[in-house]
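Letters are used for the chains, namely A, B, C and D, taken in the order the chains are written, and counting of residues starts over at 1 for each.
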Amino acid sequence: MLDLNIFDKLKRGPQVVVLKDAAVIAGFAGIGSGDKVVEAGSGSGFLSIYLANAVGKDGKVYSYEWREDFHKLAAKNVAKVGMEAIVELKQKSIFDGIEEENVDAVILDLADSEKAVPHAFNALREGGVLVGFHPNVEQIKKFTDACKAAGFSESKVIETIVRDWLIRDRGSRPANTGLMHTGFLSFTVKPALKPMV
Amino acid sequence: MLDLNIFDKLKRGPQVVVLKDAAVIAGFAGIGSGDKVVEAGSGSGFLSIYLANAVGKDGKVYSYEWREDFHKLAAKNVAKVGMEAIVELKQKSIFDGIEEENVDAVILDLADSEKAVPHAFNALREGGVLVGFHPNVEQIKKFTDACKAAGFSESKVIETIVRDWLIRDRGSRPANTGLMHTGFLSFTVKPALKPMV
Amino acid sequence: MLDLNIFDKLKRGPQVVVLKDAAVIAGFAGIGSGDKVVEAGSGSGFLSIYLANAVGKDGKVYSYEWREDFHKLAAKNVAKVGMEAIVELKQKSIFDGIEEENVDAVILDLADSEKAVPHAFNALREGGVLVGFHPNVEQIKKFTDACKAAGFSESKVIETIVRDWLIRDRGSRPANTGLMHTGFLSFTVKPALKPMV
Amino acid sequence: MLDLNIFDKLKRGPQVVVLKDAAVIAGFAGIGSGDKVVEAGSGSGFLSIYLANAVGKDGKVYSYEWREDFHKLAAKNVAKVGMEAIVELKQKSIFDGIEEENVDAVILDLADSEKAVPHAFNALREGGVLVGFHPNVEQIKKFTDACKAAGFSESKVIETIVRDWLIRDRGSRPANTGLMHTGFLSFTVKPALKPMV
């Protein structure tokens, strides 16, 4: 089991995927023990680590990142939590293609992610799930249009708001301030091929 | 990987744990591949099935339910998705004790859950996580008070709102109606024993 | 004071502005007793009635609606609550211009509302507020761009979520389902003219 | 019309009622031009000023505050915006009674507000509305129980979340952080007396 305090001890470079989004990505994609997952970009490696705990030693996480500094930061963080055997970090642009095949899920959290959608379609097994993470509404439209064009099923798009509560002897209430928005999540499935007659 | 459409094909008896809550329970507790988890009550078995996918064949889910009808329904649903090897369903009241030891997480989703908190403390390994699911605010107070009394760390309490979005050529917006509330989630950790001098 | 139950007794044609949005429109625009307000379209007349109660007999509401059926429905509803002296309903398209001058606020709740923005600028007094109500995100962009082009101040854009709570002896919690989205509200101010040297 | 920027220029002592709550209090109570409203406590006078704009010169706002420092601060702020003719500030505890009669609305935003509920019932006209503002859930229960005991109709309880949006050429999204909670609002009506046979 992942000790979530570990995330507080890791170095942060680019914006990280926060726990609520990592949990809902894995949960709504159905990712679990033994799964083979591709993600880009690696960022600080937080989502890679979360997914590594989810898929375990029978699974695998392939994480693409073209920027050397982020790639190295992610590698450092993955090593710090001892997940090197599960996470394979690749200093490559996912826009140049995905080398893995028959994967269970692809997660795209990067600008212009719509350009990687055809690669994701090819890499996924039938029934595999593509997830997009986008801060802006306009990005979702481009992404879901690209998904449709590539042959994916209709996208399900959600946002998740987690609100902290204070439960106290003197009264219980939500915390006054908090995270109002991180990003929107899009989920779409690679359909099974119709058998030819 | 879990095909989430499976949940639409299972029979529902009592109120089920919906996907957003299952995802956040697993995510915020850090539950992943290989973990040993106890939950009560079994209800329709939906959370058992979600957790079985999360912990995989190296993990184990023990699910307590004292009502025979729910126990049988959960058993039927778990069998339908082929998770019998991972989920052990027990027709027992968790208020009578937890038979497992050294478990990674205990999840309590039942009325009067505070009465099972001392049992959860005993069953958990050090660093293990107790999760409570409660529809009402007053229940959280009783639960977190019981957690404190039993020796657990301070509870983190959250609620999760997931909002569907419609992304369309004619315009993008949230869906007009949706699920405003299911329940509050409380997370607390069994602390490591301080070594005696 | 307005008896809000009245809204349940009025006939509804097109989508009505719900109470939460009417309240926040008036509140965030600063509309109060004695104000002169222009709105379009009239729809079922619900917002006209809400505003009439807000501005009172010293104020005035001018409501534009080009569709005869909606215009007549709004007139019927306004008459039913006895607000004819305060609300002037006009069967005209606001795209053809606003006849009033020096008004305190203009509220646009209609498709292609960006086309009415220059008319709103001319009709408003300095310091007057333009409010746009839009279901879709893309509409806000067009609207706020038109506001900037017309000389308005930077827009403040918000959405309002109101959640019902059940407070009961057996426990207190939010209602399970509810209104997740109606529309986004944009507020912008006509700046005071800089005096020439 | 109220220039809402005025609130930024006023001195703040105790926690102020923010605009979203002032708007929804007035809107859901149906407060408008010409109404007679009682509120307690005055705090910094922000709600008094908001209500004064709403009820206008034909209406009246009576504001109770027993603390001398808050009473003086509210008086200073009300004077600064030139609302002295509409707002009557009283340095009195509302727990000692409400001197006004036949008022349209009473708004209670103070600790132990349930103790003022019978006074509110007496002060209100039939059909008049009592509003309670409470940060904590437990307070709502005490308040709504007191309302029922005093003869009020069933309470409607809500919370309002307003989320800011950034609408930009480079993409549109909600602001990342914001106000998650201020307080819960309870609304209840003094029923009309049943005529005796």
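FYI, a contact is a pair of C-beta atoms (placed from the backbone, for glycine too) under 8 Å apart; a residue touches a chain by one contact, two chains touch by 3 or more.
Note that this is a predicted model, so its numbers are computed, not measured.
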Note, CA centroid farthest from subunit B's centroid sits on chain C
Interface of copies subunit B and subunit C: same or different residues on the two sides (over or under half shared)? same
CA centroids of subunit B and subunit C: separation to the nearest Å works out as 45
Taking each chain's centre as the mean of its CA atoms, subunit A sits from subunit C at a distance in Å of 41
Per the C-alpha means, the centres of subunit A and subunit B lie apart by a whole-Å value of 23
Residues of subunit A that touch two or more other chains sit at 137-138, 163-164, 172, 174
So, in the complex, the side of subunit D touching subunit C is made of residues 1-4, 19-20, 22-24, 26-35, 50, 53-59, 104-105, 127-129, 137, 140-141, 144, 155-167, 172, 174, 184, 186
Within their complex, subunit B touches subunit C through residues 135-139, 163-164, 170-183
